[in-house]
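Each chain gets a letter, A, B, C, D and E, in the order it is written, and its residues are counted from 1.
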Amino acid sequence: MGLADRPLRLLQKRAGIGGMAAFFLAPNMLIFGVFVLLPIIINLIYSMTGGSALFLSERSFVGTDQYAKLFDCKSYLDPMSCQEDAFWTAVGNTFWFVVLQVTLLILFSLITALILNRELMARSFWRAVFFFPVLLSPVVVGLIWKWILQRQGLLNFALYPMGFEPYTWLSDRTFAFAAAVGVSIWAHMGFYTLILLAGLQAIPKDLYEAAEMDGTKPARIFWRITLPLLMPNLLVVVVLALIRAVQVFDEVFVLTGGGPGTSTLFLTQYIYETGFVSQPRNAGLAAAASILMGLVLVVLTLVQLGIGRKNENKGKR
Amino acid sequence: GDVRIMWYSDGIEGEVFQDLVNRFMKENPGINVIVDNVAYSVIKEQLPVQLEAGNGPDIARVTAIKDLAKHWLDLRPLVADAKYWDENFGANADWMRPDGSNQISGFMTQLTLTGGFANKTLFEQANVPLPGPKATWDEWAAAAKKVAQSQQIPYPMAMDRSGHRITGPAISNGANYIGKDGKPAPLDAGAKGFLGKFVDWSKDGTMSKDVWVSAAGQSYRAAADDFINGQVAFYYAGSWQVPNFAKKIGTNFDWVATGSPCGPAACTGLPGGAALVAVKYTKNAKEVAKVMDYLARKDIVKEFSERTLFLPAHKGVIAEGVNFKTDSALVKEALNTFVNATKTTSDLANKMPGWRWSDTMYGAVVTRTAQAVAGEMSKEDAFTRIDSDVAEKVKASSL
Amino acid sequence: MSAAIRFLTRRKGGKGWHWTDIVTWVWLIGGLFIMFGPAVWLAFSSFKTPQGLAEFPPSILPYVTQQVKVEGYEKPLMLYNAKMPDGSTRVLAEVRRIGIVSQMVDPKAPGEVIKVNIGDRQPVREVFFATENYTQPFMQFDFFRYLWNSVFVTVTATLITLIVNSMAAFALSKYEFKGRNLAMLTILATLMVPLSVILVPLYSIISTVGLFNSLWGVILPTVATPTGVFILRQYMLTIPDELIDAARMDKASEWQIYWRIIVPLTAPALAVLAIFSVVWRWNDFLWPLIVLSRRELYTLQVGLSIYAGELNVQWHYILAMTVVTMIPVVVVFIFLQRFITTGIAGSGLK
Amino acid sequence: MGSITLTNIQKSYGAVHVLHDINLAINEGEFIVFVGPSGCGKSTLLRVIAGLEKVTGGELSINGERVNDVSAADRGLAMVFQSYALYPHMTVRQNLAFGLENAGMPKAEITQRIGEAARMLEIEQYMDRRPGQLSGGQRQRVAIGRAIVRRPTAFLLDEPLSNLDAELRVSTRAEIAALHARLRSTMIYVTHDQVEAMTLANRIVVMRAGRIEQVGTPLDLYNQPANRFVAGFIGAPHMNFIEGALESSNGTHMLRTAQGDVLHLPQSVAPGAPITVGLRPQHISLSNDQSGFAAQVQLVEALGSETVIHASAFGTKLLAIVPGQRRISTGDTIYLSYANAPLHLFDQSGLRIATVQTEDGHSPTFV
Amino acid sequence: MGSITLTNIQKSYGAVHVLHDINLAINEGEFIVFVGPSGCGKSTLLRVIAGLEKVTGGELSINGERVNDVSAADRGLAMVFQSYALYPHMTVRQNLAFGLENAGMPKAEITQRIGEAARMLEIEQYMDRRPGQLSGGQRQRVAIGRAIVRRPTAFLLDEPLSNLDAELRVSTRAEIAALHARLRSTMIYVTHDQVEAMTLANRIVVMRAGRIEQVGTPLDLYNQPANRFVAGFIGAPHMNFIEGALESSNGTHMLRTAQGDVLHLPQSVAPGAPITVGLRPQHISLSNDQSGFAAQVQLVEALGSETVIHASAFGTKLLAIVPGQRRISTGDTIYLSYANAPLHLFDQSGLRIATVQTEDGHSPTFV
């Protein structure tokens, strides 16, 4: 990298410091533009086409028909009154899932990160323990928990000696929903914990010392020192957790498949089935649903960043 | 040159196939056949995308053979003996070619047929005789309930969560999905009759409800594990489960294949299977044909079936009889039951695999029936929704 | 030893157990069971036979029924604990079963055939590790080629991700320029659409630029991950700007500021991203599946997916291969997580 | 190389105006010291010169060239930050080498220069430690070292010795003076230490609330402060100020305070105006006899070599510094004299009118 | 409340031994100042007392109770950090209020205490700024304020005035003294400023390389330093040291340096031993006639109120401080005298033998 310096110095002479910002941004933005942004734009176009052909060139333009179809409801309060009742069921399920999962996920990750940030014996072992599920592919995650929770699973086996009859947990609407929330927390907690852990390490130690000298109780240190200074990283966690919760799919799909009935049918599964599984495929409708989902997320994220920006300035020394 | 085959496996067939391919390469040193083993999801979801883009392998083992028919290569001018193909594979040739053509696209590597399995040991322990070959669904239900009650098992009967599975009994009950114009017809009394009965059975505990509620939409779910663990007296699945049961049940209990129970209209199961087809976009059609010719050879088909415990689709081979390579009497008997059951398959059932809208029907049926089973909607609502879902699909696809 | 105990029981402050100490240990022990328990079970399960996997009630350890060779019988026979009519139990070998009656012999005195009702016999079981779950796939597929492909994809993609993302994050956190917020927002906005949704458009781009059936086709679309930019940028916001000032005074070029100051100070976040990237790329499945249709290009995940058929999934192989493929990432994790704490003691400022 | 010209420099942070219209020409090789009360804008001005802050108005040139838009890295200056700003992830050695490596200097020379600086700053034993493992003074020395090794056209030093002990401060101060003599590079130095300012500076710039109050040589500022602020700021402890009105009677001139006390002055000063007389504590002496004026002792600070007496007289607090150690206690009445002391006269707006020298205790004459 | 006892305190960072066997008893209400060269362990000792560092040996008690295992938060002390350690996300007001809120103090009292501290430290206009928007000195004042508002049993202040200007430093120093007088809480204060040490301390603790060299009242240390190190460290600029051997001839006693120069001494001191004579720069005066000894001027530093002369004599460098401004230049030969000066005699190992007072330039007598 030392070699890179000479030409880059010349570049800097020409481009100035502002130009260097562009230089730093360029590689990422280039790859990003081609492989992330462009497909999303194409997807937007998809949402305005119809038919069962896969490639855009063979599809007919239908304007906002697909959106109209999604919004074709007699009453927006009752999903069953909608043309695409599954979409609205999924919207409702996803909403509750996000509320529950994000709250608990962040709570648990934060607690875990705080604990792993303490002076512990065998700290890397404990970190590995909590990070472990992240290493598993979603399919395996779904599978493990299915094997635990299904009628012939480990849970019933464990409860059996205590006099409980085997229960089909995953056929219970409430429990299945809770399991979907729980398993997705289980699977992703390590991810957020790690981000928060790095953030905690970045808080200067002398501030904790000052707080201790100020006679601060641990709980107050947490609320008044740790949390505000963790804000930039906490923001990452909140935004990512939210986005991923809205997009929940793989592990829950393996675990409950959206059941029992449609009680754990989430948006991504709806999109996936509409666009890929059902015959004939309806890629246009799926694209429209995904665009709507994206729009909601953009709004939510903007709100969070708005809140975050305030704190960001606070964080500066 | 290279000939690439995209192949998926449910069991050991990949190894057997590779074996046969190796032998081919020894005989034909100029042709390099590469078998790309893939997950079934690749065949189902990615292959169509590749094909639309004009990519794809030279040969593929596929199940959505009708939907993708426009991508298959016509082997008729390329194979050594087209007549041999027509004679032996003619019965299923229509499933894999564009409507109205006489194209030879490939052949079925495996024929499947839906059908029932009974846990013989449970029946014996309950002292309930196994219903005979002509027994109806109701008779099976009654017998299975008795067994379940006496043996304290949770489910008398179970059926895979699949539109394909439930359609066989529906046809036996007089259902016909295919309208006069070849497009889907609204559900008729026969269909509503069996679907309704199925919902009722699920609700009153005759049928295992768990499999059907264990997913939303059209996901496939098998109830095989319950059967393997002796939790079900009668299980409606299909011929492909035979090797699976052989391996996993072992000597835990005795089981038999029962064929499909009867309804007023028929005693039919639903056929299906996987086909090996050549892809139009190949660069070495000649060599592809040579490979296909080899794989379709009677002795090769026979060996493949015998070793994989699959039902063959080759007329000559069936006629000659297959000596399945297994030392389990149960398996042999079960396979023979399925071979025999092919004879009672109704015409309507035989048409389904070659009908363009069958998957659309299956999807709507399974989605909505499952919702009715889960108690999310009434039977009547489910029927209405099935009709409207299908109509909507038909409309949307013609845009 | 006493040092170890002191270390183990080291607590905040030092005197007595603070409530946070109790919470900590409850949480850790609970975590050990809930987070790690299933994984241990998974590891044991990967040694079960297909039959063992389907069995209810499930066992923790892999068991099979014990078999013995009995004189006069060609094949080994299964051993059972059979309840005798007099209430005693004997270990017998089953010869065959007819209906609900099992014909058994005493392995030591195989002459006499004893008839037992099948409800009265329990199999004698022993722990058995079905290592063929591991050996079989190794023989069937080209493990080392898949491994190489996986390693190549993972290492390359991770390196590019780290460099490209950290450069972008640097620009987005430490420079003021027009369109900075827009760039950040665009990057974030693209997180909103899951990969599975844009598969088809992405596929058409990949095949247009000729990356179909190329490992680069797997690598490139993933390296500009918005997640990475976001994580790094937020972390960089916590680095004091004064250090950059100092470097500028030290005549450092912007590139050197990035490379010599920002990158080392971002080490904890980079380690986190590196861990994530390795895990993501190593476990990537859906996308490689689409781009790679030739077996010489398969990654491990794609390779092991062939056990997922239409009607049957061969879980025993999938589990075994899952365990095998997990080992490298665990090692990488253990190695990289140390960098999370190389956190800098003090910020270098007064 | 190293002349710096500031023309109408302004700097605001949002609504907070930190620098107002700064005009200053610094000559090549000059040693300039900025002093002023905490928060008056010294660091900000230094950062502006460094190129780390964009000015909101005015023009900055180095060697005659406008550099407003030249980046900090390209101005060729070196800086010691008030907050040190050491690279926390680098060892002391790496911290020192960084700037040299950036300039592409050969390894051998880097090693040699670092060695020299380390010896001079007495940090040789800490070369492989990270900043986090150093004491405050050690960190500050590293920060100085980082600038020194660079040998730039101009040095910017922001309170570089504040955390050093007296001994080290003296020796480092001497080293900096020697460095300046040797390299002849321009130095701009911020300090709160009077001794540093007086001994190092060619010229001192006194700032106050974002404005320059006076620029001049140390003794100029000491002897002829332009205004009351500068007079109070230069010299420690600060100058005593006695307020009153001028009176003349019988050829003697005096200042009459509000309390009616009288202070004798030379003749020349125009009578009638209310003025302030400044008298440095060092210029007040203890009378052994009862000559001089009486004062009430409020606090005595014994510094060993000298004694600081806080007393009250002329209706105000008065500081006097007398050499050696004295047996005086709080509450004592003592007699002080200002014979031979320069008196600084300021008008009502604080501007200097004149500096006059008293000859003996009661009859001052002109200087 | 507020007595602190250190018994055999030791502290190492790995292999680096920072504190060796520190023994010190601090009385309730005492004002203790730690001085010592940069890096000698002052901050570390303060941190040990605060409870921020675990000792590696020894015992620490506060008010007679062993507190080795009591957490910092529970020791009831307040600290001003050398690095400030202000909470960057809080405004000045919040920084000040934080500790009080922790103690659950009523709002009104918090407001009042903060108001007081802010007034005293002159930071009222910055109350709603964050630390990042303050100058160095302003930050330091906030750090002091944060400790002051707490009114703890004991204060630990680590170079609390280093970034303040002279004026403010004097007034803040006075405020701290007043605070101490009012609250009577123990104060432990680290400083490099001689004036601060001399004026504030009840007792000064002189440290060197992790050990205590001497503990005593300011004037004790100044007048009777226990060893050469303390003698050199207390008093600025540092004491002059002249080495040589004692000789007696004809009833006069003298020190003969290696160069053969001769320094007259009182009779009492035992002859023959090589010793060092210490002479403070303030005790050397300029002879107007050619009496005294001749010295070569090497550097002249004009501080305004006094002039520092760097000269060479007796084969060594000699510093002399003379009041006022003098017309002396480098290279001049001047005559210096040490009449009436205390001479400090140290033996070869640096320990103090005696302090003797010269009567006139050449004939010293006993004190």
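Everything that follows uses one rule, which is that contacts are C-beta pairs under 8 Å (C-beta built on N, C-alpha and C of every residue); 3 or more make two chains touch, one makes a residue touch a chain.
Labels paired with UniProt names: A, C = Carbohydrate ABC transporter permease; D, E = ABC transporter ATP-binding protein.
Since this is a predicted model, take the numbers as computed values, not measurements.
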{"item": "Chain pair that, of all pairs, has the most C-beta pairs in contact", "value": "A-C"}
{"item": "Core chain by centroid distance, with centroids computed from Cα atoms only", "value": "A"}
{"item": "Centroid spacing, where centroids are CA-atom means, of chain B and chain C in whole angstrom", "value": "34"}
{"item": "Distance from chain D to chain A - Cα centre to Cα centre, in angstrom", "value": "58"}
{"item": "Whole-Å gap separating chain B and chain E, where each centre is the average of the chain's CA atoms", "value": "94"}
{"item": "Where chain A and chain B are represented by their mean Cα positions, the distance between them in whole Å", "value": "37"}
{"item": "Shared interface positions of chain E, touching two or more other chains", "value": "71, 74, 82-83, 136"}
{"item": "Two or more partner chains touched - positions in chain B", "value": "49, 53, 225, 229, 231"}
{"item": "Of all residues in chain C, the ones touching two or more other chains", "value": "12, 56, 199-200, 204, 240, 242, 253, 256, 345-347, 349-350"}
{"item": "Complex contacts: residues of chain D adjacent to chain C", "value": "47, 50-52, 71-73, 76-79, 81-90, 98-99, 102-103, 130-133, 136, 139, 146-147, 150, 156"}
{"item": "Parts of chain D lying in touch with chain E, wherever the complex brings them together", "value": "13, 16, 35-39, 41-44, 82-83, 133-138, 140-141, 158-159, 162-170, 192-195, 198-199, 218-219, 222-223, 232-238, 280, 282-283, 301-306, 308, 321, 323-325"}
{"item": "Chain A partner contacts - residues on chain C that touch it in the complex", "value": "7-8, 10, 12, 18, 20, 23-24, 27-28, 31-32, 34-36, 38-39, 41-42, 45, 56-58, 163-165, 167-168, 170-172, 175, 177, 183, 185-194, 196-202, 204-205, 209, 220-221, 223-224, 226-227, 229-231, 234-235, 237-238, 240-242, 253-256, 258-259, 268-269, 271-272, 275-276, 279, 283, 285, 301, 315, 318-319, 322, 326, 329-330, 333-334, 337-338, 340-341, 343, 345-347, 349"}
{"item": "Complex contact set, residues of chain A against chain B", "value": "50-55, 60, 62, 80, 83, 85-86, 151-152, 166, 168, 170-171, 253, 256-265, 269-270, 273, 276-280, 282, 285"}
{"item": "Complex contact set, residues of chain A against chain E", "value": "204, 206-207, 209-217, 220, 224-225, 228-229, 231, 311, 314-317"}
